[in-house]
Structure formats: structure tokens, C-alpha cells
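In the two complexes below, subunit A is the common chain; its partner is subunit B in one and subunit C in the other.
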Partner chain A sequence: MNVPARPPRNWMLLAGVTGLLVAMTVWSAYGIGFSLTEILCNIAGGTRLITESWPPDFGFLPRLAEPMLETVFIAVIGTVVGGILAIPVAVLAARNITPNKLTWFADRNFMNILRTLPDLFWAMLFATAVGFGPVAGALALTVFTVAVISKLWSESLESIDMGLPETIRAVGGTWFQMIQFGAIPQAVQHYVSYALYAFELNIRASVVLGLVGAGGIGMILETQRANFEYERVTMIILAVLVAVLIIEEISESIRKRLA
Partner chain B sequence: MSQNDPNKATGAIRFDKAGITYPNGVVGMKDLDLEITPGEFVVIVGSSGAGKSTLLRAVNGLNALTSGSVEIDGERVATHSNRELRRMRKRIGMIFQDFRLVKRLSVMSNVLIGRLAHVPGWRAMLNFWPAADREIAIDALKRVGIADKAWVKASQLSGGQQQRVGIARALAQQPAIILADEPVASLDPVTTHQIMRDLVRINRELGITTLVNLHFLDLAREYGDRIIGLRFGELVYDGSAKTVTDEDFRNIYGRDFTEDDLLEEEV
Partner chain C sequence: MNISRQESLLKRPGPPVGFGFTVALAILILFGVSLYAIGFTPARMLEVPGGVARVLSFFWPADMAYGWDRVLPAIVESIQIAWIGTIIAAILSLPLALFGARTLFPRLARGVKLISATARAFPEILLAIYFVPIVGLGAFAGALAIGISSVGMLTKLGAEVVDSLDFGTVEAVEAAGGSRIQALRWAVLPAVLPEIIAHWLFRFELNIRASAVLGVVGAGGVGGVLLNTLRYRHFDKAAAVLILTILVVLAIDTISGEIRRKIIRG
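Presenting the complex of A and B:
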């Protein structure tokens, strides 16, 4: 059998899409007042900042241990609590195993609302309830984790083979048993992988939340910056960088082992 | 309550003008009248799409009838009460072409799934199975000769062994009826005969009513007591496997049969 001739490329479409992208970029840059000349003029200020930030103040390092640990704790709490709460949210949002359309619809929207609002918003919200500090940070990350894991995992659950859940039904199992024995075992690996991914995001988010007062390393970073202690700021950034790299390395190796 | 009377044979199935029309308009079962007595070994044949799976799945309510009725031991298979349906399914085992095991769990855990509806919910949930139920699971594994594999992960077994786990799971239900939907379709010829012999032996030993969908005619002839032929959702043959003729098969299939319809390659 002959392979049919390759269909011609649609040059018009290609040109149109490229043109549209360029136009949108230019328009956006104009809209936010982005100007190359201005950046070039201000570059002197930037170089001064860089020279003042070097070398990093290694003497400051010992004082970072405790806030760094706090940052990790906030991330751990957010990941564990959020990871557990994400399970029912994801299950009810998976079209193939949700008990009924209404539940699915309600849960879908709930999930979308969680996802639309940024972690900073949740931090502010919880701060007004429990005061600024690590607890508000952990609560914010809990919500953030539910949003991340439930969305990704509900999609994994939707792609499972429905044979096993049906088998659980066939032996007289309940809906809950169908979930526990038929659906979840097929998506456990994905769950662990997403939870680790959420943890990585949470470490970074935990630093950012610290900037606005949720405690941990971010808070130190912000105070030092406000005091123009740029050599200490560099030290903190280096420490965060190393910590994030280590954690990503560990989580990556766990994920590889699972695959 | 015939189901709870240990002296009375259970596992009678009765279709009465039963029909299933799928939501897309396809007729999967049409005006079926069929009576199966406790302990029978029935083989169901028919070409692809004839409605074999539809028939089996109507027995345990996986497919709901759209007309007529199906009764088990005089009790109508529920169409809307989940609780009723679960109570009936508890005593109906099902075996599938693709085994349908939880691959990441042990053989034992898979067989215990057959006990799900027999124990309190919290016990199953916490994997806290009563000793008696574990005993039943072990017995089921012994009956199919793979008790030594109890703690092996299901994914590490061969196809034939996985299907035996599937049978053991059904046996763990202590069923009155076993439904097997093309149980040997993904197995090699040697394993196919072993599994078919297992099913026949279990049927004889325990008197469990057994319905098996097969698409190989020689297997149907060799292992069936009674053969039921379906075509376009209708019953077109019902008779003994000993007396079924090639002409009957031609009629069921609506065509001459070929080597593809036989497990052993000879016509």
C-alpha cells in the first residue's frame, strides 16, 4: 500500500498565529510600561546592589538553622494535612467514580475556587483568623496542597481501568469499598508522586509566605532586606537554594524508585 | 428464605421474558426465557456481540434489565435497591477474561476481596479480617492449588495462576453461582484446559451453578453439560453438549465455522 502524500502545511495559519503572538507581546509590554531604555539607564543601580551583596555573610549562617527548620515544618504540615484532605476532594471530582453528578459538580467548583485563589490570599485570610505566624502559613499551605493534589490526582483517577472497580461491585462491595480496593490501588503511585511535588512547591511557598510574616526563613530574609544587610540576604538566598536543591533531589529519587 | 436453608440446593436462575436495550438503542438481550437449575454447568456460545456478556451480567445486576425479570432462587434481582443488590451479589462469584486482580497486592489480599460483603465494613477497611474469613480464603486457594502463593504479589504470577486467584476470589464468596466471562480467552491452550478442568471440578465438588461464556466451540463441547446458543441477543439453541451438532453451531453463528472458532487447529 502506498503512503499518501503528506498534506501541505497551512502557511497562512502559521503566519497568523505568529503575528498574533508578536502583537500580543508588544501590546502587553506597552501596557505595563516595559521599556528597554529605562532598564538600561537603571542598570547602574543594579550593579551597586550586586557589589554590596557580595561576599555572603557566612557568620550569619548559624542563626539560620532554626528559621529554616520552621520553614520546612510549615511545608511538612501543609503537605501532610493537605495531602490527606485532597483524597476525598479528588475522588469526588473524578467523573468515573463519583457517587453522583451533583456531588461531582459541587466538588469540581469547590476545587476550582481553591485553585483560583493564590496561596498568599489564604495566608492573609488565615492571618486575620489566627494572627500572623507559622500557623497561618501552615493553614494556607494546607489549602494550597489540597488544590494542587486534588486537581492532578482526580485526573489520574479518571484514567484508571474501570474493570477492577466493577469487580468490587460484583462481589457485593459498597461504593466506599469500590474506591478503596478498586480505584485507589491503581493510582497510588501518582498520588505519592503528586504529594512529593506539592511538598517541593510548599517549601518555596513557605519561604514566600515568610516574607509577609508567616515566620521561618522568609521572615528573616525580609527583615535583613529591610535593614539593607545585603550580604546576609545573599547568605539566606544561598541557604534556601541549597535546601531546596537537597529536597528536590530526595523527592526526585523517591519518585524514580516508584516508577 | 430458600437462601438461608442449608438443606435446599441454591443457585437456581430464571429469566422471564427478559430484555436489555442499551441506552444507545442496541438490543443486548431479547425476550429471553431460560431456566437454570442448581448445580448446572452451562456453557454459553455465540459470535462476538451476540449478547453472552450481557446475559451473564444480568444475573448479578451489573446490567439492569429493561424488560421482564431475572430471579435467583425465586428472588428477583433488584434494579434500584443498592442494598438488595449487594446482598444478592454477595453469593454470586464472577470471573473475568482479564483476571481483574489488584496487581500491587498479595494473592491473599485479592482473595479476601471475595469476603468484602461478608464482614463488617470497618474490618475490611482496616484490613482487619476475622480469622474465619482468612481460613475461607486459604481454603479457596487450596482448592485451586496455589496456596503456596498466598503471600506473593499478584503481578508476579503467570496468566494461569492469576486466573486461579480470580477463581479463588469467587470461591471465597462461598457462592451459589459462578459467572465466568470468557475465563480462558487470554490464556494459552495448555493453561486453558487446566482452568476449564478446575471450573468443572469445582462445579462437581461444590455444586455451584456455573455459567461460562466461551468462544471456542470444541471447548464448549468438551466441558459443557448444557450449551446455550445466542444470536443477536436471542436464545437460538439450548441443549446437551453431548448431542450438539456442527449444524447447530452453524445455526448459532449464522455462518460456517472456521479454525478461528476452535482452540485446537483442526476442523
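Presenting the complex of A and C:
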């Protein structure tokens, strides 16, 4: 029987890539002090932690209502303000409708730098600038939201049909009219779904903002963690998970109805 | 047909007022309540730009000597945490993704979906809070936290890749007398691996950002350095942290993105 020949393999490339990956892994594992023995030796510590953090301290639950609400408020403000600010950032960063190359280039880089820093870094910066508390958290999430929505939405704007915007320009419409009537209406549904997506991310993020003093339920989490009150830590985390799931459910159903 | 009916037919239909309007109104009210509740008064709002500008003015010039000595090693540690975390997640998620494919294993898939949804629900920083007391302060706890929390997303994405596969080859292997496992190895794996590896790389990019913040709870990396510099008001040193973090993350994103495109194109 004739079997077709196996395609030749590029052994050099394969060996090189594998070697590189293995080297990177060994170097990283060494760098962070990865050790299986450490895991095995500390199983006892792990079981002790689990017995200490279970059952959750349900008596603590009433004290969580207020900071949990604060967390939601922070996420709402961050999403609304950030969502509005993201509109011009996204429009200027869309290659097909941006007024000129220079604006596009500057805005694109601005967007990339915003996106580079994680949410907690912004929270730390704003907590230092405007003082500890929810205002710092709201500002941090505003920046984070601009980064998320502008990136996603500028890509939607780049994929719109250019017929209508070009017609508006051809009949003498200004650039603003072209954006307002030609470009944005085509991508408004994407905008809504990205805004809701950003809201879900913000709810998740606002939970941990308090770890660096930027308000919300994370601040309680941080004090209980520092005091090794793990029964309360578990209670807080469970409450957070339930709240996040409920809010995501609501946001999902809104997204479905609007789509 | 009477006149008014005709008129109503000729009239341009307005935008549908209803659900969208209700949602917009609800958002507006919620926004107002939120502003009030967290004490974001107009006076406070006017203070913000000044406060930010004042603090920013202390950031310059950045203390780059500190950057090279202290920050760069911490960023390297963040990268190592992200890498090991991604490796852990890749190893755990590959079998889960295969067994989580609805088209291949309808019954197993439901259980796998539950596991991956639970893993996705925990932000890595909350997991790190639990790992720090178990394996001690440091990067190792961070890597475990990143690894476990990445499993959820990678399993979900991987299972979706398998589900979107054309099953002709699987049937061919089984028709030739191969077992389910042999079909996985020879028909499914070669077809899905490139896309799954691209997902691993994408998760690695996300994990770099995640590992940068884990230092806040003592799980290693650059986050702890930033927190300390800000806490002691060493703004020039904080500036070094920010500059180096931005540069390194941008570089890694670019390289990794380029590799991902190459892999997907084949």
C-alpha cells in the first residue's frame, strides 16, 4: 500500500522553540521559588486555614450591606463617566473616521498607555492624589472604563460601512455631522453592549479597589485579612461572588433585550 | 380608511420609546444617587484636577536609579509569576477543555462547565489572599493564584474551539477502528492546538497585568513596590515604577500579539 510521505518537520525550529519555552519556565520557577515540596509540607497549614475560614461568619453579613452598596455606586459612576469620555477617545482612534493622522496616532498611543496599567495601579494613584475613599475608586474605574470601551468600540467603528459617512461629507456635512449621523448610529449597539460589559468588569474591580484604600467592600476585606479573621474573609468573598453573579445576570438580560 | 389613520401611516416612525428609554432613565437616577452617596459634591469635583496635578508634579524627575535597582527585578518577578501561572493553567485546562467539549463528551461537559464557571468567578487577588497563608508571602503564592484563576477562562475558550471543529476527521478515525482517546490524539488535538496556544498567550498578557497588582496582598511582583513608594510619598520612585511597567507591558503585548498572529495564520 502506498502511504503518502510524512511532511518533513523543521526539527531545528521545533527544538529551538521547545528549548526556549523550557528555559523560560525553569528560570521563572527558580525565580519565584516554585517547589512541590513546599506545597506538600504546607498541606497542614492549608487544612488549618480551611478549618479556620469555614464556616463563614454569617453574623458579619449585616455590616457588609453598606460597603457593598458603595462598591456598586463606585462602579456605576466609573461606568457612566468613563463611558461618556470613551466616545471621543474611540472616535478619534478609529482609522476610517479620524480627522487626521496625527490625532489618530496621538490618541492611539494615549489609549494604549491607559490600557497598560492595571486597575489597582490607577486606584493607588488616585487614592494618593485625592485621599482614601470611594471618590478615588470612582476615578480609577473611570480611567479603566475609558481604556476598555475605547479600545473595543474604536474597532467596531473601524468596521462600519463608510457609504453613509462619505455621502454626508459629499453633500457638505461637517465632520461632526458625519460622526453624529453617519458613523455613531451604525455602531451604537456595540457601544451599549461594551458599556454593559465594562460595568460587569467594574463591579468585579471595585470589589478589590478597597485593598489599596479606594473605597467599597475591599476596605473591610483588607482590615479583616490583616487581622487574620478568615471566617469573615470567607463571608465577604461569598457575599461578593453572589452580588457579582446577580448583577451580571441583570446586565446580561438587559444586553439581550437591547440587542 | 379615514384621514387620521392615513396620516399616522405617513408619519415617520419615531425612535422606539420603551425599554431603552426606561434603562437610560434608570441609569441616570442610579448615577445621581451614586454621586450623592459617595459624597462626590461639585466642590469635591473641582478639587480633583488640582489634586491630581499637584501629585503629578511631584512625579518628575523620576528616580531611574531606583528603577533599575529595585523596580526592574520586581517587574521581572511579575513576569515570572505570570509565566508560571499560565503554564499551570495551560496544563490543567487542556484536558478539561477536551472533556468540556459538548460535541465530544455531552455528559462530562456539564461538570467541566461548572468547574470552569466557579474558577472564573474568583478574581486572582482574592485567591492570593488564601494562598499567601498556605505557602507564605511571596511570588509562589501569586503564581498559584494566577494559575488557578486562569483555568476557568482557558477551559471555556478551549472547549469552544473544540466545539467549533468539523467532526469529519473524528468520525474517520473511529470508522477506522480507533478509540475515542485515539480520535482525540490524532483528529482533535492537531486541529485545535494552534488556536488554544494562541489563547494561552493571550491569557499570559492578561496575567502580566494581574501579577502586577498581586503585591498589594503580599504575593510578589511590582504591585507591592508601587504601594510602598506611594505610601511613603516617594513619588519620584513611584514614577520609575509606572514608566518601567508601561514600557515592559507594552513590549510584551507587542511581541506576544505578533506571535499569536503568526500561530493563527499557521
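The rule is simple: the second predicted complex is superposed on the first by the 230 of 259 C-alpha atoms of A that agree within 3 Å, B and C clash if a C-alpha of one lies under 4 Å from a C-alpha of the other, contacts with A are read in each partner's own complex, and residues count from 1 in each chain.
Convention: a contact is a pair of C-beta atoms (placed from the backbone, for glycine too) under 8 Å apart; a residue touches a chain by one contact, two chains touch by 3 or more.
From a predicted model like this one, the values you see are computed outputs, not experimental measurements.
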| item | value |
| --- | --- |
| Touching partner for A:Phe181 - first (subunit B), second (subunit C), both, neither | first |
| Partner chain in contact with A:Leu164 - subunit B first, subunit C second, else both or neither | first |
| Contacts of A:Gly173 with subunit B and subunit C, given as first, second, both or neither | first |
| Which partner reaches more residues of subunit A (counting touched residues only), subunit B or subunit C | C |
| Which superposed partner A:Leu125 touches (first subunit B, second subunit C, both, neither) | second |
| Overlap of the subunit B and subunit C footprints on subunit A, listed as residue numbers | none |
| Subunit B contact footprint on subunit A (complex, rising order) | 163-164, 166-174, 176-177, 180-182, 185, 188 |
| Interface residues, subunit B side, partner subunit A - complex | 60, 62, 85-90, 92-94, 96, 98, 100-105, 113-114, 116-117, 121, 124-125, 169, 173 |
| Touch list for subunit C against partner subunit A, complex | 19-20, 23, 27, 30-31, 33-35, 37-40, 44, 47-48, 51-52, 54-56, 76-77, 79-81, 83-84, 87, 121-123, 125-126, 129-130, 133-136, 138-140, 142-143, 209-210, 212-213, 216-217, 220, 223, 226-227, 230, 233, 242, 245-246, 249-250, 253 |
| Subunit A to subunit C touching residues, read off their complex | 24-25, 27-29, 31-35, 38-39, 42, 45-46, 49, 53, 69-70, 72-74, 76-77, 80, 112-113, 116-121, 124-131, 133-135, 138-139, 204, 207-208, 211-212, 215, 221, 225, 228, 230, 233, 237, 240-241, 244-245, 254, 257-258 |
